[in-house]
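To keep things simple, chains are lettered A, B, C and D as they appear, and every chain counts its residues starting from 1.
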Amino acid sequence: MTNSMSNVEFVKALIIQHVRPHVIDIIDQHQIGFEVDQNEIHLLLLALKNAGWIQMSYLSAIDWPGENKFEVVYVLFNWDKPVYVQLRTKIDRTNPVIDSIIQIYPGAKYYERECHEFFGIAFPGNPDHHKQLILEQWDDIPPLRKDFDPKAYSDRKFPQRTYTEDYSLSNSESTKVEKRKLRKQRAESLKGGKKQ
Amino acid sequence: MTIVNVLLGVGVAFFGFVLQTSIAGINRKVIARLQKRQGPRWYQEFLDIFKLLSKRSVSHGWIFDFGVIMALGGIIATAMFMPLTSTFSPFGASDNFFIFVYLLAVGMLGMAMSASGSGNPWASIGVMRALTTMLAYEVPFLVVVLTIIKLTGSSSLSAIQLFQQTSGNNWFIIALPIGGIVGFLALMGMLGKKPFETYIAPGEIASGPMVEYGGKQLGMLFIMHEITVFIEVSLFVHLFLGGAHNILEFLLKYFVVYTFANLISNVNGRFKIDQVVKFYYKWPLIMAVFQAVIAIYFGWVI
Amino acid sequence: MANIEILLLVLAIAAIVSYFLTKLNTMLGSIFTIFATMFVFVSLAAYGTNLNLDTTVSLFPGLTFSQTYLGFYFVIIITFVYLMVSFFHPYYIGEYKYKDSYNFLFLLSLVGIIGAFYTSNFLQLFFFFELVIWTTMFLIPQGKSKEAAVSYYGFSVAGSIAMLLGIFIIFQQSGTFDISTGLAALSGTPSVFVFALFLIAAFAKLGVFPLHIWLPIAHGNAPHPFSPVLSGALVKLGAFIGVLALIRIAPQTAMINAVGLPIGQYIVALLGSVSIVFGTLMAIKEDDAKKLLAYSSMSHGGYILVAFSLMNSIAFAGGFYHILAHALASAGAFLAIAAVARQTGTTKMSELGGMIHKMPITYLAYLVAIISMAGIPPMGGFISKWLIFQAVIDKGMIFVGIAVFFGSIGSFLYVFRPLAALFLGQELSEYKVKVKEAPLLMLIPTVIIMLLNVYTGVFPGAILGYTNKVIMELGYPAINVSTFAITGFNGVLSPALISLMFGVGVAIAFVIFIVLKKSRKVGLMDTYTAGNFVHDEHLFHYTKDFYAPLERLYEKHSTKMQTFYKSLANKVKELGRLGKHLFMSKYVEVAVVWIIAIIFFLLWGEIL
Amino acid sequence: MKSTKFSLATKLSKAEVDRKWWEIGDFFRRNSLWMLMYCTGCCAIELPPAMTSAYDMERLGMGPMATPRQADILLVSGYLSLKTLRRLIYTYEQMSEPRYVVALGSCPINGGIYHDSHAVINQLDQYIPVDVYVAGCMPNTESVMNGFVDLMGQIKNKQANGWKKYHENFDWYKANQITSLGEVDVHDEFHE
């Protein structure tokens, strides 16, 4: 137990050694999160990779329209010291640009393309970041932004079925009672034997 | 050779088609009962084939169609030589064993050509697997047949039947028991039954050579397949089970052999392709050679 | 009356003329070559068939000629292949480095071949053999590599030296260089040594195990129109020597009672079997279409050897028929590949695809050739394989039987691969525009060979009648052949009936096909892709490692023979270095001492 | 000389002969329906009981097939995302005619619980003709089987004409496909 906890402490020490994070979240013994500045991301990633966090588990973003910010999240994992490290940074929402990390983690190539596709964040340094990956021939604003309305998109693009009649039942309770009565009558009528 | 012989031959091919299609349908029913299902009607295979013939298919160029015609033509030609009983053979003594093995290959070649001509890689992979499987099962089978021909002194199927019937109904599956087992294993491979069903493999390579066929081409290939099965099972009946005196005996033996193969098939999984080759070149080949050596050089025949 | 001597002289002069004509204009020289070969072929066919050639010698008193059915059978097949190939020259010669000499050497090698089969003297036989080897040795490097010529020459020379030794021993024993009396004197005696030496020559020329290594190298790298000659014609010289050794000499050795064969013959049959299996396995693995056909030649060489070592007429008939069938089949296949190679510039199967849409006639020629090669009715290869099977089964030879069956089923595999990879499959974009059907002059021989392949399969009676004459000349009884039926040991084969029934079957299938609803034409790329969109043909064309699951089972062992020969070559090189060190040192005296020592050593034997 | 007893049937016109042949073909077609299971969504879970010994689809002559060329029915089991719809249309166009479409679940009918998603379409019959809808989320196995029996009845009564409609209204279908999907084909690095 203490050993695993010391892993988290180790990461914390490592990060503080380089930068001063805005927020430090120790979620549990296997997860820790830091919120840092945009220009510190590459330095920290490099430091973490050298310290053994060789697996780039995930890269994505969160839309904060109220703050007019995108929060880019990097999740790393170390196979020797089992700790997930989250690095978060907030970038400008009107012109979202953050440098690519494929020089540090080549595997981030497709995560960055996905992120660009769903949020519209540009990753200069990744030669393919603007190419389509999952959404084929998308022609609207990136769909995971909060200001994108899927219902409106669906109504605009996909024909809706129109119903001429309304099939929903009104005053369902009374019918239920009547039905129960009818069923009882029928059961009575089927009863054999001597009628009273 | 007169026109009557040709008509008889065509009749045998047609008989083979009807027989095998019905028996395949009955076998579907048998297998269904084995799995506690009701199963289709016994004539379901006919419905399937005629439905396919009634549909409008696609064609990938002339070789795609030509190969199908060549396949069905080659198989019909092969079936025309097949004797049904020891006395009835459409072309008399021309029912040479090697005709069946090699004329069958014309049909296979036609189908392989047409499948590859469709331009679908799965078809080519299926053909590759079919040919590899063929390389595996043919050699042990031919060694056993070599023994039989050497013992009977004739490669004519009618003569081989007569030899077994005249020497006190001593069938070769009893006279050469090890060879009989090898023959049956080879038959399973020929029919493409389950442990050796590597080249159809619907879930793996999308039914292999047949991937691009639909409509009448597929229907014709189904007819071809039924006649091919007829030829292969009849070969086994004639070579190992003493042929038949009359048509009823033939039907009975045919049904037993095919159903037995089908039952074995339904409780087995599928081999990988190199496992098939390894399998046949291990025990069946050793057994076939052992049987041939003791039968030919030592004369030990039961 | 045509005189063989005049014929050879005319051909030799024609060779020289063609040299100058080719220097002037390649087209002119090549067309002249076609006519020269055609002249030789026609005069041989017209006069040689019934042995009506004039064999008297007036101009060159040293030479002696005689004619036999055996020699004629070989010479007419080989000349025919030469004639067919010469039609290809006008389109290929322009590409070669030494184009002036190509036609010259080509005709000169034909002189050697005709001489070799018509001569009646062992020394002349050797001379003509060497003529063939030397001329063809300079033809091969015009293709891709010079090393091919070296390896071809090395093995050929090993063979001819073995033969020369054999000839000397025959001379020592019988006192004559005359072929027929020399062989007759040996026949039936326990002269295993000559037998073995002649067989080494036969193995080397035929390219069967264990002297096969040159075959794929030479066939694969020879000029495209010369590969059919190598495979269809020149290896048959080895078969000829094999016939001399196995049938004419046939030494008396211990019998193996179980199969009723002398031990020498049985060993040859086993070696032939190894050759069949080895050639088949290597052919299945090969990616280059020409090398694949070369390995198939090796396997078919094995069939020929097995046939000639079985000591009965049916097997001999099968062997002789196989020589013809394989010559036609391999010439047809190689010519088709050559036509494709001219259009696309490659023979690698992994780089080709969909040629059928542009070259349908070449495709048909190849198809017919491979059907014959795989021994499937209704083509010639089936007849010969059937005869060989009859003989093998009658002898009860199980292990040879395994090899023979394996080779015949395996041949389905390797002949199908070029068909699928090269002609069928997706039409690759790089060949869609520029590839056309081969020109008319190249189609003529292709179609002729195609028709002959069918003819040999449907009506073998006439040709088997001729091989009967050859067999009777060799002192064995003729086999029972009528126009429509061949009778073997354990069955009757009627090829015409099979072909007719095949026709009936195809007619029925065609009727079924035509009465049903017409299908909708779609493109090749509109295939089942598990629902996904694929726009690139290369991703959709299955050619590389075609038989991968099968190859995996034996690929570890497939290079053993090659490494053996490589290490042998290294040993020879080391020996050469030793000789160089001894003789070519700085001091002349050392070399002189060694030379004197060797002379003394040689004379020692003579004096004693 | 004409027999008085049997008079020859009046000569049928070509259209009538064709119709007779078509009816014979319909008999075979409805008794041997082969499915291509495009397991797009969760309703696919209803198929294993339909095929195995509980309901035994094979007794109706039905069975699964590997490729669209061989199949008669395109079975759409569940919701269709945009990416799947492209492939579905491509597959539908590869099938041999006559071809039928059976759609399971409420998603292909009106979008079901995904009616407001940007990635799932709402109504399948706008893009390809659907012969039988089986409603329910998900439909139970009896109703799936009932849907197939309905299809057989439709074939018998010549009402299963979806594939003909597709030809007749090809432009309309194409226009709908293009509004929702853009080009049906996809050209990018993964498909070249």
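By our rule, a contact is a pair of C-beta atoms (placed from the backbone, for glycine too) under 8 Å apart; a residue touches a chain by one contact, two chains touch by 3 or more.
Note that the structure is a prediction, hence the values are computed from the model and not measured.
Student: Which interface, named by its two chains, has the most contact pairs?
Tutor: Among the chain pairs, B-C has the highest number of C-beta contacts.
Student: Name the chain with the Cα centroid closest to the overall protein Cα centroid.
Tutor: Here the chain at the core of the arrangement is B.
Student: Give, as an integer number of Å, the spacing between the C-alpha centres of chain D and chain A.
Tutor: From the centre of chain A to the centre of chain D is 36 Å.
Student: Starting from the mean Cα coordinates of chain A and chain B, work out the distance between those two points in Å.
Tutor: 58
Student: At least two partner chains per residue is the criterion; list those residues in chain C.
Tutor: 526, 528
Student: Residues of chain D that contact two or more other chains, please.
Tutor: In chain D, 67-69, 86, 94, 186 touch at least two other chains.
Student: Taking all chains into account, which pairs touch?
Tutor: Chain-chain contacts present: A-D, B-C, B-D, C-D.
Student: Given the complex with chain D, which residues does chain B contribute to the contact?
Tutor: Residues 28, 32, 35-41, 44, 47-48, 50-51, 54-58, 202-203, 206-207, 210-215, 218 of chain B touch chain D in their complex.
Student: If we count contacts the way the header does, which residues on chain C are in touch with chain D in the complex?
Tutor: Listed in rising order, the residues are 526, 528, 531-536.
Student: Using the touch rule from the top, collect the residues of chain D that touch chain A in their complex.
Tutor: The touching residues are 82-83, 86, 109-111, 115-119, 121-123, 126, 176, 179-183, 186, 188-189.
Student: What residues on chain D touch chain B, complex-wise?
Tutor: Going through chain D, the ones touching chain B are 24-25, 28-29, 31-32, 34, 52-53, 56, 58-61, 64-72, 94-98.
Student: For the complex, which residues does chain C have touching chain B?
Tutor: It comes out as residues 258, 354, 356-357, 367, 371, 374-377, 382, 386, 389-390, 392-394, 396, 398-399, 401-402, 405-406, 409-410, 412-413, 416, 419-420, 424-427, 488-494, 497-498, 501-502, 504-510, 512-513, 516-528, 530, 540-542, 546-547, 549-550, 552-553.
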